[in-house]
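Given below, in the form of structure tokens, are the structures.
Note that subunit A is present in both complexes that follow, paired respectively with subunit B and with subunit C.
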Partner chain A sequence: MNKVIPKHSFVGTRAVKLDAPDKATGRTRYINDLVLPRMLYAKIRRSERVHARILRVDTAKAKALPGVVAVITAADTPEIAIGVLKDNPPLKRDRVRTIRDEIAAVAAESEAICDEALRLIEVEYEDLPTVFDCTEALQPGAPVIHANRPDNIAMAHQFDHGDVAAAEAASDFVVEGAYNVHYVTHCNLGVSCCVADVDVEGRVTLYSQTQYPFIMKMDIAPSLGVHPGDLRVIQPPVGGAFGSKLDVYPYEPICVLLAQKTRRPVKLVFSREEEFVASPTRQPVEFRIRAGMKRDGTLTFRDVDTLLNNGGYTSWGATTPFVTMRTISSHYRVPHVRYRARAIYTNNPYAGSFRGYGNVQATWAVETHMDKMAEVAGLDPIAFRLKNANEPGDVTPQGARLANIDLKGCLRIAAEKSDFLRKWAAYRAGRAAPGRIKRGIGIAASLHNAGGAKIHKSDGCGTILKLDDYARATVITGGSEIGQGLDTVIAQLVADELGLALRDITVVMNDTATGPWDVGVHASRSTYIAGNSARRAARKARAMILDEAAKQANVGVAQLDLRAGFVVQADNGVAIVAIDKLLRQMHFAGEDAKLVMVTDYYEPPSENEDKNHVGDMSAAYSHAAHVAEIAVDTRTGEIKVETIWSVQDVGRIVNRNGIEGQIEGGIAMGLGYALSEELVIERGRVRNPSFRDYHVMTAPEMPKIDMTFLETGDAEGPAGAKGIAELPTIVIAPAVGNALYNATGVRIDHPPLAAEKVARAIWERAQRSTRAAP
Partner chain B sequence: MSLEVEIAFTLNGRAVSAAVPATASALTVLRERFDLAGAKLVCGEGECGACTIIVDGLSRNSCLMPAVDLAGRTVRTVEGLWGERGLDPVQQAFVDTGAVQCGYCTAGMVMQIRHALDRNPAAGEAELRRAIEGNVCRCTGYAKVIEAALAAGQRMRGGGAP
Partner chain C sequence: MPLAQELKPLEIDAYVDAVSLDAAVRALADGAGTPVAGGTDLWIQKDLGKRAYGRRLVNIRRVAALGGIAEEGGRIRIGALATMTEILESPLLLRAAPVLPATADRFASVQIRNAATVGGNIANASPAADMVLPLLCLDAEVELARWHENRIDRRRLPLAAFFAGPGKTRALPGELITAVSFDRPAAGSFGAFQKSGPRPALEIARVALCIAGRREGRRLTSVRIAAGAVAPTPIRCPRTEAEIEGVALDDAAIARALESLGREIAPIDDVRGSAWYRRHLAAAFLEEELGRVARS
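Take a look at the complex of A and B:
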């Protein structure tokens, strides 16, 4: 009697992250740990001025220092700029525009020698007039940051839908608001780092933290004078990324240029202070919102104007309006929309992409504003949001087809589980009662792409999959693992198709020489896109195995299944043949030999936006709603977030450990944004470049988190899954802000809700009400 | 070149010695002389805990500790917790609960929690949260780290897997 094997699925379980044992034992070597034979170290001499002409750079003394192998300046390098607008030369020739500007770089036998050499480089400057504020930079006569943009407008975007003027005329209420969201930065524990190695043919191997290895080749190659095809990008394990590595930044070409010059491998590592000053920030935005509604609370229009402080050069921060626009136009039913965004050059450091992209900023503004509108309409925060919530089947003004969403479910469940309405009414009534500690509860929700985002010609990912004679599968994916857990998700999806165990799957990734093309890790896309490609490849391999088994057993393919290393009868699980035995038979069959080796390239069914910003750019969308319950010390302004209820439409859970970790971690990052994190930039200089003065959430500060996953089962997603990683960071901050209002009657429109700011606002409100009293 | 000092100490159960620069940190020496790269240089000023090691039974920020102070001490690093009997209960719990994402803070977290549980295997959630107050994690939000710590404590007390 053959054994009977029940059906098993790894999808939906708590799978151990594939690299966790190595990471927990110190075996993993990260990029920052990498040492190559004969490797040199490199450091960058940065500007001491925020805006100045460079009159003279003298590197003679640095070059003469023993142990220094090369010193380069703009004079030694091709003047080819990088970045979204190609406005950022890796080494600056005659002008610096920000405090982080790169003037020279040193390669030497040790980091200590590099530091000494940097001190020996003499730079003479002539200061130029400065501008740090968007509105000032738009004034006639303001200092011009880049001569080819005399108006200081780096990028501008506009979206118009319907007739805002007519909608306003037909509105019963119009609510206005201004929200300035601040500078924060990624705080990756692994500082920025790369290692460049050039061979005798001039081909470059770049060990990089990049999140977009394939497109990076095209972006960086021109600044190096190499063909993109002669560039191999390897991504060793990294200490966090969170969007910070979605562009080429000057240190990367500088490192390669030094390797080209010295013909030795070169490693360039930032100091922690340098990481705070010279890595990208989240894009700060000044929002002005006008939004209308009918007497019953039905939204009529949104009219939003934003200014983005672009800093001295243009990275992905300037493109965050593409995502902000989606939230403005498509989060809740808004029949008439006008949105305008301008990214303004200043002498500040510049922003890149950061988990949640422009949606963290947009959701702060929209969800704070929605709370204000609910009060004007005389509705509670839940009822007002439900009244305007999108429904499955909605097509938004930007053409997003919200086929399979459950915003109302998110809102209702979050409200029920948190006992929202009862607490909300009680805490509001408690504002006037005596007592120093006030309690409050607030809600926020958002919409995000959950099936990739087609911002390039393709949003695809490729997979190569092979099985060996022992029924071990190797999956070579274009997708990248940067700590988020894609490795494990791919192994789970493949194991389920092939009837193998997780330990039978080797996932090979993070190397452009082996992996097929992929866009990169962004837009919550990897599970959906790379996962779908891996699953489709596994299905092709499965079909080959089942075809052979069906032929041998003389049965139909549909009567067979793969389980726990065996081909089994699908109806009763009775084992027929071990998969490895079958694979060997297929392999060692003389001229009929069949090796199971398959490929797949998955292109999601999404569209590029047209020139009017209309297009169904993601293959899926989803929502999350968060409720925050807080206690506020009205004297110190300290906010203690006690409990968060998180409800998110995740399509389907693939790795339960992974999805919970993403949501808990995303909430911690979002709470930092809400409460404590702010990169203080004064007159172009970063004032708090250390973990002492830039406070990220610590373990004792974290609230209890109650998570609910709505498994709506996306028809296109792998095993029904949707992308999930950004929403938790996006949604939480306005929920906290709305809770503060519920507790105290104080609105802070400009995060973070730091204790001093909150205490002052509470005190000022008390002064006003005292004065207003007869 | 700076002055070198010969030191001898016990590292993960073995007697070792090295000539170390008088100004070098314990972290630098462990990473560069002994090739133990688990502990990380993240902030270099004792604000993040990623370099945590256990010295004579006390958790220390190895980035702030002069290497010469290792002389005569008993030092444990994350590499030394994985022995013939398999993973340490703290390491095993980190793996099982999903407390590892990018993993850059993990070595420091594991050592800090091991230290806390050595002092009090019955440590509760609040005590464990305080124990890792100085360990920054940017990925996990600490929830699974605390879950792992509680599970490890239970296992160390003989309670088996929770």
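Take a look at the complex of A and C:
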């Protein structure tokens, strides 16, 4: 009984992700591995036309094929529609608007039979006029994509703050710019997949990759004639999501419809080509920016007009302008702001939500523009940003209270660690020197919500926590694990409160039948919200244990602590009683019996935006500043990113492995956006639907990454943590673009900075200067 | 797992696991068989619907006579089944024709190099086939065999004459590539392979260029230049070779060579790059290689 146990914290350590051993040894059964008894396979017949009337669909031959169990079309299904504007029928009745449109679906004994059946379905079309460009879609007389929106404007948003005209009149410089950002897609290694199972009473179990299981129930169930209470969503391990599963897509209701019709479990898996063609993209956006400043570089106003290519239907992507708006209004001190956003229907594939959610695009535009303004002001990129940086205590035009931020710290540390100013001046001077390889350095910073985002009536998450007779804790959370590491973060937070080891904690998640409500995985919110809820539940359990121990030992609760499975004296760590023994005493106590079982629902202290888009919608905010140092081959246009200095305000590190993984992964995704990734869409058709021609970053291309974490300690966040997941993806691309300018004097406003584009720009400039020479 | 999930009905009639050249060419004799070795192109093209199997799938991987990399009487012979990894690691090639291992080093990815064969790279007849370019520069011949009138009928064809168009060769129906062979380059020869693409692995060449010859000060002799992804087949560039042959390389000579190259290649626009960029890159590659010689 004299054992002395020192205080230990798992928070801040390198915790092995709970599911890593299973994943590394191949034991994990992903959703794509799921096989149920009597299960059928399903495939979707998609449109070959980008915009056409459907004259006839004949499924007779497909139905007659041996092994085919059901073929459905819109004619067999109720009039239902999904999507933010309910404009997307899962099976299209009389019209297709994009190349990916679903016309019929087959359930059969094998995928091969499905493929054969799809070929036997006859579809007759009558082509309609097409439109792919936002500006053309806005012209009078342009083809109308949805009859109820004759102007082709799916959604429009605006924000006004202050007096932009007066601010412009008072500006010494006004800088204008246009930035068109491109199509990219998530490239989840696990392709889209679901399994639907309907029981004899019509209750549906949907095995899904969704990131928002609880809200999904309301989004999908009523349209299928199912009560939301009769839909259970189970999320087996997935091979990536990155925002792509933050909506309902046609394949999910189609799979349920086939299961309802066949009364057998049905599994629907995309091919890789389908994944490229028929899963959502990041929104391409056309930005027009005008921004003013005083002679000394102080920003006076920002006036931004954007057009988003919505594609044929409206997914959550059309709401990304809300996040773009935050960047436009709140990233750096901008006293007067005007912002317009219109999401335009076209015959292109439709855009959805994607890590960074509107901020990747916004930060490309704003941070490229900031670099141009710095040059006009005659300031270096660091000094110009520092001059306009937000400070703790600022309330932004949209009402974000930036209580605990350190943008200036991020900028200064990034500049110091990378030796930015010396290199920046030297590389700029080196532009004119001979030599094919030029080096450059660039910086960008960004702002993102780091304490959830209250876009629903609640931004909360629930937890159920119980301890058994052996002092093993089970934490049932509403939060979802999609690979981001929430499971491990929760175990660390709970282990610290309960004085247990990580292996004593089982985190149960990803099932709406057991988990309490949660909004879902988005807005970098899981650690902050689900983590806080788990921690609060653990504190309640801790209080129960300490109360009992204090009663038995006849001391005050404050004199006790829980460490390494024991109740100990807080001051000297001397063990008093093993926690499991105490739990059994509590449990087997006759009429006084107590099981330690607690619940918590955590609602963060944030606000919904009002109708003018003003509101403190996140419980915390955070910045990152990244520096990219590159080498450019001025002949081939190839850019090699050599080093990234990443400085990010993370509040506090919970799992060092997890946070490094998020930042590395975010940088890989961001570099793909900057350099090589582009879904090439020509006249509505995807031209590069394979990893051969769609270039994600590969391991040998990754730069050296130097990470600095600013641990500012958020008062509300769990153990001081902030949400961190999206910032590294958001910030990196403009840092690379600014480095290219530093290296060559060539500015590319429209990413990606693909080798050919860079080579062409450098060559054209050389041609111009040759012609200009006397 | 139910078998039905894996098996597609009526895709092939028979699968032949050939263990001798005799068995392989007999199984292919009627022109209705598809030979498979590494499968790295074939299976993917089949899955994409770009190529269909013949009625018989003939696995040639266990035919010993089709393997090996050896020299005999001053001639180097690379068996059709030699993988890119074997070429990359061959002591003989590293000594005698290092441009081949250097090219293998830029070929696809490690995993694909372990499976992909030189015979397959030639048979696939891609305009962007990497390994074909150094072989063209080595004046290689492709060795073919078929079952004809109850015996194995063999012939050799210059590799440069083997390609008929994208995905098309001049092999006869039922004819199998058995090897590729070339004279051991004279001492003092050099060769260089250049390929576009920032991605160090898994990059299909937007443009590739190979140059080989002998270096005598600032002059090149026995010049061979081959280019990929600039025409319907991998090509030699004889007029550019002649432009360079024996000439003391300076800026003016290099400019003439680049002009000639521009006339000999005919790249297209596609999703991987524009014709302009392909020309720009091909010129950059040749300029870099010739510049190296000029400055020596």
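Observations on the model:
Methods note: the second predicted complex is superposed on the first by the 771 of 774 C-alpha atoms of A that agree within 3 Å, B and C clash if a C-alpha of one lies under 4 Å from a C-alpha of the other, contacts with A are read in each partner's own complex, and residues count from 1 in each chain.
One rule holds for everything that comes next: contacts are C-beta pairs under 8 Å (C-beta built on N, C-alpha and C of every residue); 3 or more make two chains touch, one makes a residue touch a chain.
These numbers come from a predicted model, not from an experiment.
Once the two complexes are laid over each other on the shared chain, residue contacts for A:V680 go to subunit C alone; subunit B is not touched. Shared-chain residue A:G666: touches subunit B; no touch with subunit C. Contacts of A:E756 after superposition on the shared chain: subunit C is touched, whereas subunit B is not. Of the two partner chains, neither subunit B nor subunit C is touched by A:P734. When the two structures are aligned on the shared chain, A:P250 is found in touch with neither subunit B nor subunit C. In the superposed pair of complexes, A:P236 makes contact with neither subunit B nor subunit C. In the superposed model, A:R29 lies in contact with subunit B only, and not with subunit C.
When the two structures are aligned on the shared chain, A:G499 is found in touch with neither subunit B nor subunit C. When the two complexes are overlaid on their common chain A, residue A:P516 makes contact with neither subunit B nor subunit C.
If you count the residues of subunit A touched by subunit B and by subunit C, you find the higher number for B. Touching of subunit A by both subunit B and subunit C, each in its own complex, is seen for residues 691-692, 698, 700. Taken in their complex, subunit B has these residues touching subunit A: 31, 36-45, 47-48, 50, 77-79, 81-82, 87, 91, 94-107, 110, 126, 128-130, 132-146. Residues of subunit C that touch subunit A in their complex: 1-2, 4-5, 7-9, 48, 196-202, 204, 206, 271-274, 276-277, 280-281, 284, 287-288.
Residues 14, 16-17, 19-21, 23-30, 32-33, 186-191, 237-242, 271-272, 482-485, 655, 657-658, 660-661, 664-669, 690-692, 696-700, 702, 705 of subunit A are the ones touching subunit B in the complex. Those residues of subunit A that touch subunit C in the complex are listed here as 35, 41, 67, 109-113, 115-116, 273, 635-636, 638-640, 675-676, 680, 687-688, 691-693, 695, 698, 700-701, 755-756, 759-760, 763.
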